[in-house]
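So that you can tell them apart, the chains are marked A, B, C and D in the order they are listed, and the count of residues begins at 1 in each.
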């Protein structure tokens, strides 16, 4: 970070402190203001899409959107400047979200209706986790992330099976029911199969023939049952991730990990273990 | 509790005994009568809302409602008097429920239709847990409560992600489908997204364009799959809360906890453990 | 069982053997024939309800129904005779099912349409578990039954909360939307609340006002989320019931139970344990 | 494999290498080309079913289908030749899928419309698992397969109960609501019961009478709740299958299995254990 012009570096450090650090007072104030602006902006876009409000407050809402777009543009530039490596910020998840939350306003100058995409600003609200110190839930080592990553392969298999089922069932229904009962094409029938297998069931397309109803019943029971599989996968993954967090309980002498939360000595070399802050505060935990 | 006038204190104690203690005969009779009155009242409000019954029994139903409102008003005052600290009762969950179950009747004198809110009396039925000794399921230390509290942070993250998804998917559909296919505004589209992602699927609004159907299919599969996450969270939380109940099995000599339910001696110091009433009655449990 | 007339007793024993014992050849043949008759009967009732089949095969179907009713009546009487205590059989679950599977035919002589209740014969198909030796899944000690019983109290609490929610949400919607949008009465609104909270979502009644849609969205997210609670309860219950089955592994000397499935010696007194047939056949299980 | 004519055997081995081995370069290229052809074919069938595309590109699409059918026919014959035992391949799952992915084209010469069944080619995409080395998820010993097999009996019981419920509830609704409200026959009512119990809820048939709505509400709450049972079953099954994988950690001296993933020595005889590749890479795993 030590750049040639020390003065500019200090200015950049202060900026980075305000923008990126939720622990200082200035940083916290900045975050709160930012979130207020985002919510205001999202509400403005929402109201702008409702006929009666557009008719009445249209100009005011549009002005507000432009004002906030200007504010967010300045903020984006400041973030680029404050970042240690601007390129890395620009390509990060939040960097792209920040960009997409200002671009639609400019695009709307050419393509009318694009301004509604400003609502993507809602993604910026995910920054709220930072304020509430919830960032650990999203962090690399978090239980949720670990569990989902460990289950990824199993979930991929599950999704592949579901997609294949949906294509096969959809096509069979197209052949059985046909265009006269609303199954106008195979893609439409596949859409129906998704609606059915996921138990959403709009009812905009529904089987009319006895054979179609029988096949649909099968598909529903299938869809009703197979939800158990991803649920089981995620649950087991979560339980294991939670268990692995005990791996943090490391013996400082021999390095053995995964000690029980109530262990006070290493189970291999009898070294006293450091305190743990996870687990429940057990009553009577200060014994003998 | 020892007030100046001992006579009045005794009277209050008897009252409190009847109203708040489900173990005495008088208290039990009071509870049963109260629940009968609540059910009667809720049924009266329900029937009063059905056209044909209002036409026929309107006056009788209205009379019954007023009668029961009078009874409940007296009961509320008695509870206030019997409570050790009336203010604390008035602000407790059940205190507020008791208040809200009499207020609508009086409000309805000014605002017609408000009397239907009398149905909030149904919340008073939750007192039924007390009679069936089910109160431990709601108690501070209960497994369900512990599990839900332990999972609260994870569930917050989950809800935040779902809400963000719903706003983003809703807006995209508004841009793709537009007002001509029922997606009349962004709030309406968000409502559709909630209906779809939760797999409710009314079908009052449904995508008509191929691109809209493709995005809707994605949303459905997403909604179908992510239900696995809160389920996994609650399951793991419940399993841990249940496991932590074993923490109550404490060695009276060395204080070690979390003994297996079939353990009769402390696993560290061989002290005999007190009996446990949780766990299953194991066959052959009286050996050697 | 030793009755006065030994000859009649022998005859009853043979009868009981055929009717109640799926292990003898005669008993097995009887069960297979019975199930064929039940399926035939259920199919006849189903077809009889379909307009075009009733018009064409009405008389044949009705004759078949009467024939099978006669057969089942005789069977019911035989079961009564064969049972050690007829009264106990008559009041048992299957005894009542057997009765209800013949009564509607006779009732239909007075009340037309009642013969469709003959379809309750389908409940008799549950006897099929006996043939496939699946009876242990329904037996007193089975894992599923144990799990559900252990979870019963928690599930009761859950159901009470869901019912209260449904009444409260339904009434609020009745007040908000009112009869002009299909919420014609509180019972109807409660029906809508059930349809919504359980994520069924017919769409025959759906909110029209913005406030109604907002409340409905809340109800949907609630319904989508709280399904996690019973799922967690049943899962944890099942896991515990399965764990408790290890309690069957009892040390024949000291009576200690709950031995690991791979244990060959008692973990307390080193007594050799009897073989287990549950658990997985572990590779290399015959060592040292 | 050593056939009489060594030259022909070598030719067959090369062929088998290309067709069946995803690890050689030629085999990998073959797989990628095959999958591209399958996707192309599936897309062609889909587009052929959409009116506007059939009108415009009908001849081209039909030509493509025939071309790919020819290619797949040649491939099928090659697979038959390359297989060690052609009969076994022909009757295997993928053998049948391969056959069904060419037959409909020929059948369509006699029966118009049959060519849409060509979409069954999508099942061939399941071969994609082979390329991504995902085959272990489908393998005999995989955790998912083990879990589902272990849960099969419990799931059978569950399905039998659901089917019985559906027949009983459907018939009761037929008797209660009758043909005038859309419940035109018992099979139709059973279809409605499936739609309701699985929480799909099309809304094409919905109860109109108060009694019908009450019964439907019961069915919905039942359906909403019992999904917890298969979920619990699969979760517990998965957890056990995962636990049993530890059974692979066998002591080479005494044969004891089920060692913890962090164990380096046998817990019975202190023999050093072989490395494990499952489990998480524990920090500080190379100590003392």
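What to note about this one:
Definition applied: a contact is a pair of C-beta atoms (placed from the backbone, for glycine too) under 8 Å apart; a residue touches a chain by one contact, two chains touch by 3 or more.
Here's who's who by UniProt: A, B, C, D = Ion transporter.
Please read all numbers here as calculations on a predicted model, not as lab measurements.
Where chain B touches chain C, under half of the residue numbers in use are shared by the two copies, so each contributes mostly different positions. Sharing over half of its contact pairs with A-D by residue number, the repeated interface among A-C, C-D or B-D is C-D. Each chain gets one centre point, the mean of its Cα atoms, and the points for chain B and chain D are 40 Å apart. Between the Cα centres of chain A and chain B there is a gap of 29 Å. Shared contact sites, meaning residues of chain B that touch two or more other chains, fall at 187, 190, 199-203, 223, 227, 231, 233, 235, 239.
Every residue of chain B that touches chain C in the complex is listed here, in rising order: 42, 45-46, 49-51, 113, 116-117, 119-120, 122-123, 125-126, 128-129, 134, 137-138, 143-144, 147, 155, 159, 162, 187-188, 190-191, 194-195, 197-204, 223, 227, 230-231, 233-235, 237-239, 242, 260, 262, 280, 282-288.
The touching residues of chain A, counted against chain D in their complex, run 153-154, 156-157, 160, 164, 167-168, 171, 174-175, 179, 184-187, 190, 196, 199-203, 206, 210, 213-214, 216-217, 220-221, 223-225, 227-229, 231-233, 235-236, 239-240, 244, 247, 250-251, 253-258, 269.
Only residues 199-203, 231, 235 of chain C touch chain A when the two sit together in their complex.
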